[in-house]
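What follows are several structures.
One chain, chain A, appears in both complexes that follow, with chain B as partner in the first and chain C in the second.
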Partner chain A sequence: MNSTLEQHHVVGGGLLRRLNFGTAAVSGLIFGFIAWALSHHFLDDSGQGFADQVTVLTGCGWVVGFLLGIGALTGPGKWFTGRDQNHADEMYLAGKDLGRKRYFQYTTDHKVVGVQYIIATMVLLGAGGILAMGIRTNLLTPGNHFVNQQVYNGFLGVHGMLMILGLIVAVAGPWANFILPIQVGARDMAFPRLNALSLWTLIAAIPLLLGSLAIGAMDMGWVTQGPISDQSGIGFDLFAMSIITFTISTTVAGVNTICTVLTMRTKGMTMERLPIFAWASIFAAGLGLYAFPFFLVVMSLNLADRMVGTSFFIASGGGTGWLQENLFWLMGHPEVYVILLPAVGAILEIASVFSRKPLFSYRTVIGGMAGLCGLSALVWAHHMFTTGWAPTLGGPFMLTTELISIPTGVIFLVLLGTIWRGNIWMKMPMIWVFGFIVNFIVGGITGIYLSDIPVDNQMHGTMFVVAHFHYVFVGSVLFGAIGALFYWFPKVSGRFIDEKMGRISFWLVFIGTHVTFISMFVSGLRGMSRRYSSYALIFEHTNFITTIGAYMIMAGMLVLLGAVITSWRSGEPSGPNPWGGKSLEWMVPTPVPLENFEVLPVITSDPYTYGEAKS
Partner chain B sequence: MTSNDNHKNNLRQIFWIWLAITVFGVVVGIYGTPWLMPTAASDTMHLSILTMVVFTVAAAPVAALVYAVVIVALTKWRYRGEGIPPDGPPIRGNNPATSAWLVVSTLLTVFLLVWGLALLAVDNGAESKSEMTIDVTGQQWVWSFGYAGTQVHSHDLFLPVDTDVKFEVTSKDVVHGFWIVQMGIKVNANPGAITTTAVTPNRVGTFDIRCTEICGLNHAFMVTRVHVLTKKNFEQWLASQPATN
Partner chain C sequence: MNDLNATSHHEAPEVVDHRQRLGIWLFIGGDVVTTGALIFTYLYLRAVNTTGNWMAIEGLPANGRSAEEVQGVLDAGGSMQHIIEAPLSASFAWIIALVMVASAALFWFGESRLRANEAGRKAFVAISTIAGLAVVAYIVLSIVQLRQVPQYWRVEHDSSLWIYTTYGSCMLALGVSAVIHGLILAFLSFGSATRAAVGVIGHDRWFQVRLVRYFWVWVALSTVILTFVVTTLNAN
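Then we have the complex of A and B:
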């Protein structure tokens, strides 16, 4: 690179070089305020949906202002005016020689975006966790009023949505960005600027969701059922705006992930030599592209009902809540697998490396994942067995739901086959894998009970269901996500996460998970409905135990947070390939250079040649 | 000992651990599940509890197999040396094992399906035969019950024992979930629509009705009771009630 370009990108002018997270926040607030003031001025304040119109437009102002302020539209703007970005601009965007600054900017380097996603995930799960503690504290004893019922109901909905969004990005966000391009032998994602766009759109959505709690009065739970969502206060408007913004983020990210794997693979990296995490990522991204448009639609229709007097979901206007429920679960069930599959992909990678064995039956697991994706689109109405909608469809939906246990079983077969007679290396990532296996069996089997209609007639809407899906989301997905964090953290930071603190956090979270959710199963079996702010005396003991278990999980997560922060600064150095892995991310130096590979590698086999390679 | 002997040993250990956990699971399923669930006040609830037991018993060997392999992996296959372990055997798959796994899981799934469909067929009895109809109305945050063919309304539900009862359920405002806990029936109350469910109470006593869909501030307090009376007592109660609208 010649010296004038070098200088240009250090001192160079232009708006692009002055934008960061701070300008984005300020700009978002200004635009939000302008939208608020304009809508107050021009809209009819006697109209029925006036407050909702103002709130939604203010939310729109925030999102647009935030994206302008971070520089999301600078590139397209320049292109539009015929002054496309030059090489120095691109290098600046990629964060070259910017040090820490690049983590607070609209940076296109996939590794920076990956780290930003780690932080975003921690914020989402941390905020959701705090609300979970609020919920459990309220349920510590019967009739406890730690928070009032209105606030409690808001906690329920926002806790659920924060956790759902957090888990959707927990594995796919950090690792499909940081690791996936290296795994397939690419210098970056297929669309680096879209990559930054997806991250910063997500960041724009988070304050909306937290803000919805602040302006409050939400009774609709995370499923936003109509017409209770229509009754809810203006908090719901920001809640829905947050989800609409999030669906844009995840769509952009999904397209990017799929295109990266399909088009950016290095020479010799056939689809059959892809690491299984890459397969899991494109399955999850593809399924997300199918599922999340329903999310966008259901929230938009809901907002229309509130703002402009439509009645899609309002019975008195000719609408029906069943439409809302169908649309929501058309998203809601595939979404479970959008969340699960990246975690499974990471778990399988770890299982192979830490058993020092090839992945068992590579093609079977790809078939299993494909089966999960296909079936997950056909099971949504099992969430509606007791709604009274189309009772004759009960049988068919029971069929599709129970069929899902076959591809799920395949995941277990491959996991067990991979560790079978291996040399099991019980480092931190592998410990979380074993936690995953133990918990996922519980989550999976209790799901089978619920697929059976006579049982569901008893269990639907009870704490049994809550415990079931928490075994899947906490016990399985979160364990997979934490395992992935321990596994790939050395590639991000060049350091190990502290093993001692890691083990403490594992045991706290593992035991806490069982204490919390086994006692919650019992509450459900004994007849406690979900989303209760208070309960009868017969549920006293199990709820007390559940709350103690929840505190244990929180303690474990705080220890983990402490371990991550201290290890990032001063953990034990790891070198480029601490686990003896064979996929490409372990072949590049740590820290990973800006474009990953000096010379793109040529691939001659898959990365699972343990016990086979002669070397 | 050769690695082959070792392997046979491991298989034997897996078998015994599998058997122990299976037995434990079966015992918990048969005795624990009914103990934890409310005492049934209808055949529907009996079937629901029975299904929980049967599924637990069917699931026990599956979970036990996974846990047995996990335990052997953690104890016998664990590498206890320093640094990165040497490579394990390069097993890239095992077609007989995969096929057996698929066949067994498919058979289990077929069993679940047949069980579920058979129960559905049995369960629809009460609705088609119904001897009396109750109009159930949910509103924030009370239930009210109308007795078809009379002018009687109540907030506690009264039912005659051993009678096929059909519920026609609706709501005045938002969605509520109508659930008679000890009878194993549940259907949502939707505004602008009537949904139905049915049950034959088979035990005299007082049982719980709880709302199962979040319906606003007092969702947790939208509870009431159902009193199942002998047929004679029920007739007396019905006759003693004032007609209301």
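Then we have the complex of A and C:
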């Protein structure tokens, strides 16, 4: 009797087995429509904030419907009724024997989630990149010949947030899911269902963010400055909803990452034998747990001001935009390191493997990462030097900001020390590491300039600042993310990414980055303000050059996309350990079996024992 | 070199428990930051008191009136009043906090009965249900208090709007936060009771109940802290 029931479960039964991305999208649309209709019916349409209330409730309907439609709420429902999922359910959720279908479902297997994150990251960065091209095309010549100011402002804000979200998950999403559990010798993440929840919550947030463009976007840039955001159109409501949804996703993912590394390590995998990528991942996850609640709060308060007439950021009601700026940047600066650290971890892994040298001063780099995390929480007000908020605190915040260059420099020196006199193997992952090194120097040093109040007073709000943080995000994080993609792609697909296309892509992106952002530095130094949709003729040449560089970056990214797609289908087979790596992910077969290890390994040495006698 | 064929894998319940405990502590850590951000907001706005609008505001109390009703008062010659807004009742706030603390203590007691012996399972079902009902009362009381947050009809240049003072705004945010926490706790308490009733948790399977208790105690603690802040630092 039981076995019959079991079989029934596996073969046909249960709504859970019929849910996928399609049902989620349909369910989300239906729930969104219901919420929209109900809010029109029950809310006072002459009341203040009515349009905002309808938009937010519709967005909530979409998220709840989407999560219901993908099956994310089935687990909590079963928990509540005391009907826990049986083994067959667990195996089904893990995607056992489901083939490609599992990539479109609420699958708990960390490797499937990792691949899903790769796709989600590509969508986020691709959409953000298209908007960047729109922005740059408009700035090709002065005078708004491509889009009007309103659309331009929408492009600017949504581009910023798409790229920020995309880069937050660019390394931590795919690789802290696909690779990290294997690296520490675990069969899966600590909480597989929460892992899937974090992914599908992120996916639920993406249409909200893109949808904000369709209904007017918002016109105050990605930092959503308090008093202006109160006057923005309803696009802002979906924008804020997407951020609130995203913060839930990252919180869940962060808890999962930390628990996986701290509690799922296999025997012998002491903290001193952890691959450096695992260290970087837990530092980034921990910092995210600290930072993103501020994002949740600031967006919620923004929405409250718009929907129900509160006065948090509205001076006429007793609020202040400074509060909004404080809350935002309490999140905003640590978030830079939430983005940067996983990329740095991946870069250090690659550097060691491709230099055939142990990681230079393992403990020092961990100390550097810890220092970055600690100091990053104490520097937020350097974004507010010119706002007039607490001028007497300018000195201390300048000091802490300059201090943060020390752990950053330490990490950089460890990277150079690892490569120094190594037997360097110039394959694609390592080429991106060298690109990272060059770009990170520029991004880092210009950051030190901006931390000085006198310089910041001149440069704040100019294209110089834009160029600086793009050197950090594009030149460093994106280069690290692409390097990680080249490095771990063979483990995902069993194939190399095409080397020739990879090199074309690298040089286009590398040269494009410098053409774009060096000319942008010049625009900024000559006084061009950021966020403007048009400009004076004096800035025409540098903007023209910047736009040409941006097109080069886009061309390079398209070549990379083509390389990834063609290589995934028909690339050169790589075998299980193409780079001769010594961490655990290279010790398991490719494709990696469902639970990674037949029996769990016992670790007897660290993963960077290059050049040492065999133990 | 690492030995890939060394030990077979088996996870003891204690190992899973250890993992889940770390997980709940991390979630609580995130909630601590969220609560901290709300307290920061309250104290910041109280300290800055921009344009003297922390509590006092020139406007017409609009609670329970529609826009048309308020406009009718104004059209009939009613004037905007300068009102010194009074803080919400401190004793009522402490009663709400007391309910939350009592519910947490009750659940903790239920957990101890569950862990004591097999017979404690039935007692836990009853106690967890009562604790859940106390949380429902907490939610209701919080909503009652939310409805007392005064709202004003304010004429500004050529437009008029409903507005909360910054004090009222903070109380609204804290009240909504309390309701959300209450809803989560209600879900957990009734869920725990159901699971104990069907035998999924019991004398030898109480790990999840302890996790719920951790969160519950944190919510009770944060309620006390927030109540202390808003009842002692509210001078106009």
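By definition in this document, the second predicted complex is superposed on the first by the 601 of 615 C-alpha atoms of A that agree within 3 Å, B and C clash if a C-alpha of one lies under 4 Å from a C-alpha of the other, contacts with A are read in each partner's own complex, and residues count from 1 in each chain.
Assume a contact is a pair of C-beta atoms (placed from the backbone, for glycine too) under 8 Å apart; a residue touches a chain by one contact, two chains touch by 3 or more.
The structure displayed is predicted, hence computed values, not measured ones.
Enquirer: What does the overlay on chain A give for chain B and chain C, a clash or a fit?
Expert: Aligned through their shared chain, the two binders fit side by side on chain A.
Enquirer: Which partner, chain B or chain C, is in contact with more residues of chain A?
Expert: After superposition, B is the partner touching more of chain A.
Enquirer: Quick check for you: in the superposed arrangement, does A:P601 touch first (chain B), second (chain C), both or neither?
Expert: Touch partner of A:P601: chain C, not chain B.
Enquirer: With the two complexes superposed on chain A, say which partner A:G254 touches: chain B (first), chain C (second), both, or neither.
Expert: Touch status of A:G254: second partner only.
Enquirer: Could you look at A:P396 and tell me whether it touches chain B, chain C, both or neither (first, second, both, neither)?
Expert: neither
Enquirer: For A:P573, using the defined touch cut-off, is the partner it touches chain B, chain C, both, or neither? Pick first, second, both or neither.
Expert: Neither partner.
Enquirer: Does chain B (first) or chain C (second) touch A:S316, or do both, or does neither?
Expert: Touch status of A:S316: both partners.
Enquirer: Quick check for you: in the superposed arrangement, does A:P593 touch first (chain B), second (chain C), both or neither?
Expert: In the superposition, A:P593 touches no partner, neither chain B nor chain C.
Enquirer: Is A:G22 in contact with chain B, with chain C, with both, or with neither (first, second, both, neither)?
Expert: Touch partners of A:G22: none, neither chain B nor chain C.
Enquirer: Pick one for A:G388: touches chain B only (first), chain C only (second), both, or neither.
Expert: After superposing on A, A:G388 lies in contact with chain B but is clear of chain C.
Enquirer: For the overlay on chain A, what angle lies at chain A between chain B and chain C, C-alpha centres, nearest 10°?
Expert: In the superposed model, the angle at chain A is 100 degrees.
Enquirer: Upon superposition of the two complexes, what minimum C-alpha distance (Å) separates chain B from chain C?
Expert: So the smallest C-alpha gap separating chain B from chain C comes to 7 Å.
Enquirer: Share the list of chain A residues that count as touching for chain B in one structure and for chain C in the other.
Expert: 315-316, 320, 322
Enquirer: What does chain A use to touch chain B in their complex?
Expert: 149-150, 153, 156, 219-221, 225-228, 231, 315-316, 320-322, 355-358, 360-364, 386-388, 394-395, 398-399, 402-403, 405-406, 409-410, 412-413, 416-417, 419-426, 434, 437-438, 441-442, 445, 448-449, 451-455, 457-458, 460-462, 522, 525-527, 529-536, 579-580, 608-612
Enquirer: Sort out for me which residues of chain C touch chain A in the complex.
Expert: Residues 1-9, 15, 18-19, 22-23, 26-27, 29-31, 33-34, 37-38, 40-41, 44-45, 48-54, 57, 66-68, 151, 154, 156, 161-169, 172-173, 187, 190-191, 194-195, 197-200.
Enquirer: Please give the residue numbers of chain B that touch chain A in the complex, ascending.
Expert: It is residues 7, 10, 33, 36-38, 44-45, 47-48, 51-52, 55, 59, 62-63, 66-67, 69-70, 73-74, 77-79, 84-94, 97-98, 101-102, 105-106, 108-109, 112-113, 115-117, 119-120, 123, 169, 173-175, 177, 179, 181-182, 184-188, 190-193, 195-197, 208, 210-221, 223 of chain B that touch chain A.
Enquirer: For a test of understanding, state which residues of chain A touch chain C in their complex under the given definition.
Expert: 44, 46-48, 76, 79-84, 187, 190-191, 251, 254-256, 258-259, 262-264, 267-268, 289-290, 292-294, 296-298, 300-301, 304-305, 308-312, 315-320, 322-323, 326-327, 330, 584, 587, 597-605, 614-615
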